[in-house]
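This is the structure I want to talk about, given as C-alpha cells.
So that you can tell them apart, the chains are marked A, B and C in the order they are listed, and the count of residues begins at 1 in each.
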Amino acid sequence: MDLFSNLALGFGVALSLKNLALCFVGCFIGTLIGVLPGVGPIATIAMLLPITFGIDPVGALIMLAGIYYGAQYGGSTTAILVNIPGEATSVVTTLDGHQMAKQGRAGVALGISAIGSFIAGSVATVLIAALGAPLTKLALLFGPAEYFSLMVMGLCFAVVLARGSILKAIAMIMLGLLLSTIGTDLETGQERMTFGFAPLSDGLDFAVLAMGIFGFAEVIKNLENPETRDVVRQKVGRLLPNREEMRQSAGPIARGTVLGSILGILPGNGAVLGPFASYTLEKKLAKDPSRFGRGAIEGVAGPESANNAGAQTSFIPLLTLGIPPNAVMALMVGAMTIHGVIPGPQVMTKNPQLFWGMIASMWIGNLMLLIINLPLIGLWVKLLKVPYRLMFPAILLFCCIGIYSINNSPVDVAMTAFFGLFGYALVKFGFEPAPLLLGYVLGKLLEEKMRQALIISRGSFMTFVERPISAGLLLVALVILVVALLPSISKKRDVVFTENS
Amino acid sequence: MGKFRIASPQDFAGGLFLIAIGLGAYWASSNLGMGTLRAMGPGMLPKSLAVIVAGLGALLLLTSFRVEGPELERWSIRGLFFVLLGSCLFALTIRGSDITGTPERVASAMLIASVIFLAALFVATRMGIATDGHAVRAGMLAAYVAAVFVIYHVAPVIDLSFPAIGLIAAGPLVAIVSAFASPETKWGEVIIFATFMTALCAGLFKYALGLPIPLAPWLLGY
Amino acid sequence: MTTLTRRAALGAAAIAASLALSNGAQAQAYPNKPITMMVAFAAGGPTDVIARIVSEHMSKTLGQQIIIENVAGAGGTTTTARVAAAAPDGYTLIMGQMGTHAAAPALYPNLRYNPVTDFTPIGVAGITPIVIVTKKDFPANNLREFVAYVKANPDKVNQAHAGVGSTAFTTCVLLKAQMGVPKLNAVAYRGTGPALNDLVGGQVDFMCDQVTNLTPQIIAGNIKAMGIATPARIAVLPNVPTTAEGGLPDYQISGWNAIFGPKGLPADIQAKLVDALDKALEDPTTNKRLADLGTVIPNKTERAPAGLAAILARDLALLDKPLRETGAVGQ
C-alpha cells in the first residue's frame, strides 16, 4: 500500500541522526517554553527562526514543530502545578489538575497527562498519515455559518464546566464575551471600548487575561491562607498513576483523542474547543459528576488527550492545503516560506520528503515528549516543595517577563496586574474564572463568524438553520443545554437547602 | 420576605459588581453604532452583552435576598497591594516610561496614592487606631479615590517619568517588592533568591531564547 | 543603614561610570550595538518574513545583529508611530509597507505620524505583485467576464479581505472603485489565512492579495486567477494575464516592503544602511529566497531612497480618494 511506502520514506527522513537530534531539541525547548508562563510557541518559533537558517528545510520544520507541540504540552504543567494555564487549551486542565496537585497527586496528574498526550498524539499522527487529504475537505465545508454554530455549541459546553451556580456561570460567559469585544472592530475598523488607549486597540491578549485572573489572583489568594497552602505542599504522593487510575483514564483518553482530532482540523483554531468538549463529555458520562472540579482524574486525562490530538491534527490544513488554521500555523507558513518551501497543495507531491518526514517526526516527537517529561515529573513535583514565600516572587517574576515578551509591551504587564485585581474580585464574589476565559476565547470568533455569515447571506438568519452542518451543530448545542440545565437547576436547589439545614 | 435582609451577601456584592461592569461597558460603547440585526454595527454586540451582564447581575441581586449563601469574604489588602505594586513597577521601569497619556497618568496617580495610603494604614495600625469595620473601610476608600483625583490633577506639575532600568534591576525589584506581600518573608533569603532568579531569567530569556528584552540599558546599552 | 547608603553610593557610581562609557561608545563608528528592526505585524506574516530574510544578510555587512521586534497593533500604526518618534541614531528602524505608509493616512484620521515627513527612507526591500482571484466555480474565466459579471450582479457577489487596512483590503478598494462598484459587499476576515480558506471553500467569491499566499492555490486549481496588476506577466504565474490584457489597464498596484528610519537620520548612517540593503538584495541566496516568495527585487534606482519616496508619493495619491470613500475609519 502507498501509505506504508510513504511512511517508510517519512521515517527514513525523520530517523536520521540529525533530524532526531533536531526533533529532540525542539521538543525539549518547547517543553521548557510551555512551562514558562507567557512565553508561548509563537514568540519562541519567531525567535528561533533565524537559528534554523543554517539547517535544511525538513530539519528546521521538524524542530519548529517540536517546539509547538512541546509548548502545547508544557502549558499543562503550569496549569497543574500553579494553576496558570499556559495556553488557551490548558484552561480546562486547571479545573481538576490543580485540585489533584493540592491533594498531593501532582505526579499522578502530570503522569496521566503525559501518557494521555502520547496516546492521543500517536493516534492523531496515524490519522494525519492515513486520512490527511480527505479530512482537508472537512475544513473546507466549514463556512462562517457552520463556524458560528460550532461556537454556540462551545458556549453551551462552558455552562456544563461550571461547578456552582448556573446563573453565575452564565454571567461569567457573558462577561468573557463582553471582554472579547474590546478592540478594533473587524468590519469597520472602529475602536470599541478602548478609551482611546492604543494598547487596547488590538483587544486583550489571552495570556494577559489568563495570567491575571488565574496566575496573579491565585498568588494573592494563596497568600491569605498560608495554612491550607503549606499542608498541601508537604505531601508529595506517587509520581505515576497506578493501575486503577489508568483504568479510569482509558475511556476519557480514547474519547478525548477522537474529539480533539476532529476539532483540530477545523480552521480558525477549532482545537481550542477540544479540551472543553472532552471535559463536558466526561462530566456527563461520569457516574458521579460531583467529583469533577475536585480532582477527578478523568477531567485531566480526557482534555489533555484532546489538547494534544488537536495540536497534531491542526497541521492537516497546513500540510495538505497550505492554509494555516491558527496563529502558530501561520508562523509555520512563514517558516516554510523563509526556507523556500511555499506551503500549498503541491507540498505533498513536490516535497514528499518534507511532508512524510514531518508526519513521521510527529510520532517520534510524541515519544520524545513522553521520554522528556516522565523524568521531569519528579523534578516538577519537587519544585512544589520550595517554600511558598520564595515561590510566589519567582512566579511573579516569570509572569512579568513572560507577559512583557509576548508583545515587548510593558503595558501588558500592568494590564495583567489589573486583571489580577479583577480575578481576585471574582473569587471573592464566588465567580468561576474558567467559563469567563472560554467565553473570551470563543467570543471573538463568535462575533466575527456571525457577522461574516450575515453579510454573505444578506442579513438572513435562516442561513444558520438552512445549512445542514450548521443546523446539526445548533441542535447538539440545544441538547447539551437542556441536558445540562435541567438536572443542575433541580440539584442546585437541593444543594442549597442541604447546606443550610 | 418580611424583614429586609440579605440572605447571600456574596451574591449581593457579585450582583452589584456585574451591574457596575454592565453599565460601564454600555457607557464605554455608547459612541458605537448599533446597526440593525440584519446589518450589525460595531456596537451591536458590546451593547447587548453589556445589557445582558447587567441583567444577570440584577437577577443575582434579587436571588441574594431569597436564597441563603456565603458571607462576603475579607479582602487581603496586603497581598493584593504588593503583588500588584511589584508588577506595575516592573512595567514602568523595564523600558522606562514617560507619563503622557491619560490612562498612564491615572495609573501612576493610583500608584502614588496607594503608597501614601498604605503608609498611612501602617502608621495607623502601629498607633493602635482600628482599621476594621464597614464605616472605616468606606471612609478609607473615599479618601483613596480623593487622593487619586488630587494627584492626577497635580501630576502635570510633577515629573512622573520612570527611568529604564532593564531586567537586571527590574527583576529583583518585582521579586523584593512583592515579597512584602507575605508576613513569612525572610529578607536575606529573598534578596539572594531574587538575584539568583534574575540572573537565571536573564540567561534564559535574553541569551538562550534571544528575546529582545532590555537587560541594562544604563550599563550595557541594551 | 550605613551599608545601605554605601550600596546606594556604589550603585550611583556604577551608573555614572556606565553613562560615561555609553557616551564614549556613541562616538565610535555606527553601528556598535544591535540594531532593532521593528515589524508592525505578527511574526510569520509577509512583512515579517521579508524583514527576517533581508536583515539576516544586512547584519553581516553591518557587523551587528539586527533584532526583529514584532509589535502588532491598530493595523501597524502604533508601532510605526513609535519608530517615527524614536531617536534618529540608526538603532531603531522599521520594515514598513504599503498599509502603514501609503494607506494609513486615509484610514486613520488621528494618525500620529506623517509617512513622508516623519521618516528617513532607506530603501525598498521587495515589491509583491497583486493578483485578483475568484473561487473555482465562479461564473467568469477572465478579467473582462469578471468585471461584467460583478457589474451585472453587485448584490450577489461577496469579496473577502484580511481586515481593514490590510493589503487585501486596500487593493480591493482600489479595484472596486475602478470597476465602478465601490459599495460591493465585503466580508472581513482576521488575516489572509481564514479569508483564503473561505475562498477555496467557495463561501466567498473573490479577493485580491499578494501573489505570495495565492500562487500555490492558483497552480493547484483551488482558485482562479483573473489578472495580475503588474505591467508585465510574472515568472511564477506565466499563464495569468495582466490587468491591461484583461481590459483594466489603470489597475496597477503592488504591495511593497521598505525600510525606514526616523526623520533626521544622519546621512552617513543612512548611506551605510542603504549599502547594506543593496548588498543583501544583490546576494544570490537572499535574492533567491525573496524571489521564491513571488517578490520582485526592485532595481537599484527603484529601491534607492529617492525611488522609495517616489513609490510612496504615487501610492499615497492613488489610494487616498477610494479609501476615504469607503468610510472605514480607525482611530
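What we mean here is this: a residue touches a chain if its C-beta (ideal position, glycine included) is under 8 Å from a C-beta of that chain, and two chains touch if they have at least 3 such contacts.
The model shown is predicted, which means the values in this text are computed figures rather than measured ones.
Here A-B and A-C were compared by C-beta pairs in contact; the pair with more is A-B. Using CA-based centroids throughout, the chain positioned farthest away from subunit C is B.
Annotation: 38 Å between the Cα-based centres of subunit B and subunit C.
Mean C-alpha positions place subunit A and subunit B at a centre distance of 27 Å. Chain centres here are Cα averages; for subunit A and subunit C they lie 32 Å apart.
Residue positions of subunit B with contacts to 2 or more other chains are 212. Multi-chain contact residues of subunit C (touching two or more other chains): 69.
Shown for subunit A are the residues in touch with two or more other chains, namely 43, 187-188, 190, 196, 198, 408, 451, 455, 458.
By the touch criterion given at the top, residues 212, 218-222 of subunit B touch subunit C in their complex. Across the complex, subunit B meets subunit A through its residues 10-11, 13-14, 17-18, 21, 25, 28-29, 32, 36-43, 45-46, 49-50, 52-53, 56-57, 59-60, 63, 67-70, 72-73, 75-76, 78-80, 83-84, 86-88, 90-92, 94-95, 97, 101-103, 107, 167, 170-171, 174-176, 178-179, 181-182, 184-186, 189-190, 193-194, 197-198, 201, 204-205, 209-213. In the complex of the two chains, the subunit C residues touching subunit A come out as 42-45, 48-49, 52-53, 56, 68-75, 78, 107, 155, 158, 163-165, 185-191, 193-194, 196-198, 200-204, 212, 215-217, 219-220, 222, 288-289, 292-293, 328-331. Residues 33, 36, 39, 43-44, 47-48, 167-168, 170-171, 174-175, 177-178, 181, 185, 187-188, 190, 192-193, 195-198, 216, 219-220, 223-224, 226, 387-390, 392-394, 396-401, 404-405, 408, 410-414, 416-418, 420-421, 424-425, 428-431, 447, 450-451, 454-455, 458-461, 496, 499-500 of subunit A touch subunit B in their complex.
Per the touch definition, subunit A reaches subunit C in the complex via residues 42-43, 45-46, 49-50, 53, 139-144, 184, 186-191, 194, 196, 198-199, 201-202, 267-268, 317, 321-325, 327, 329-335, 337-338, 340, 342-346, 407-409, 444, 448, 451-452, 455-456, 458.
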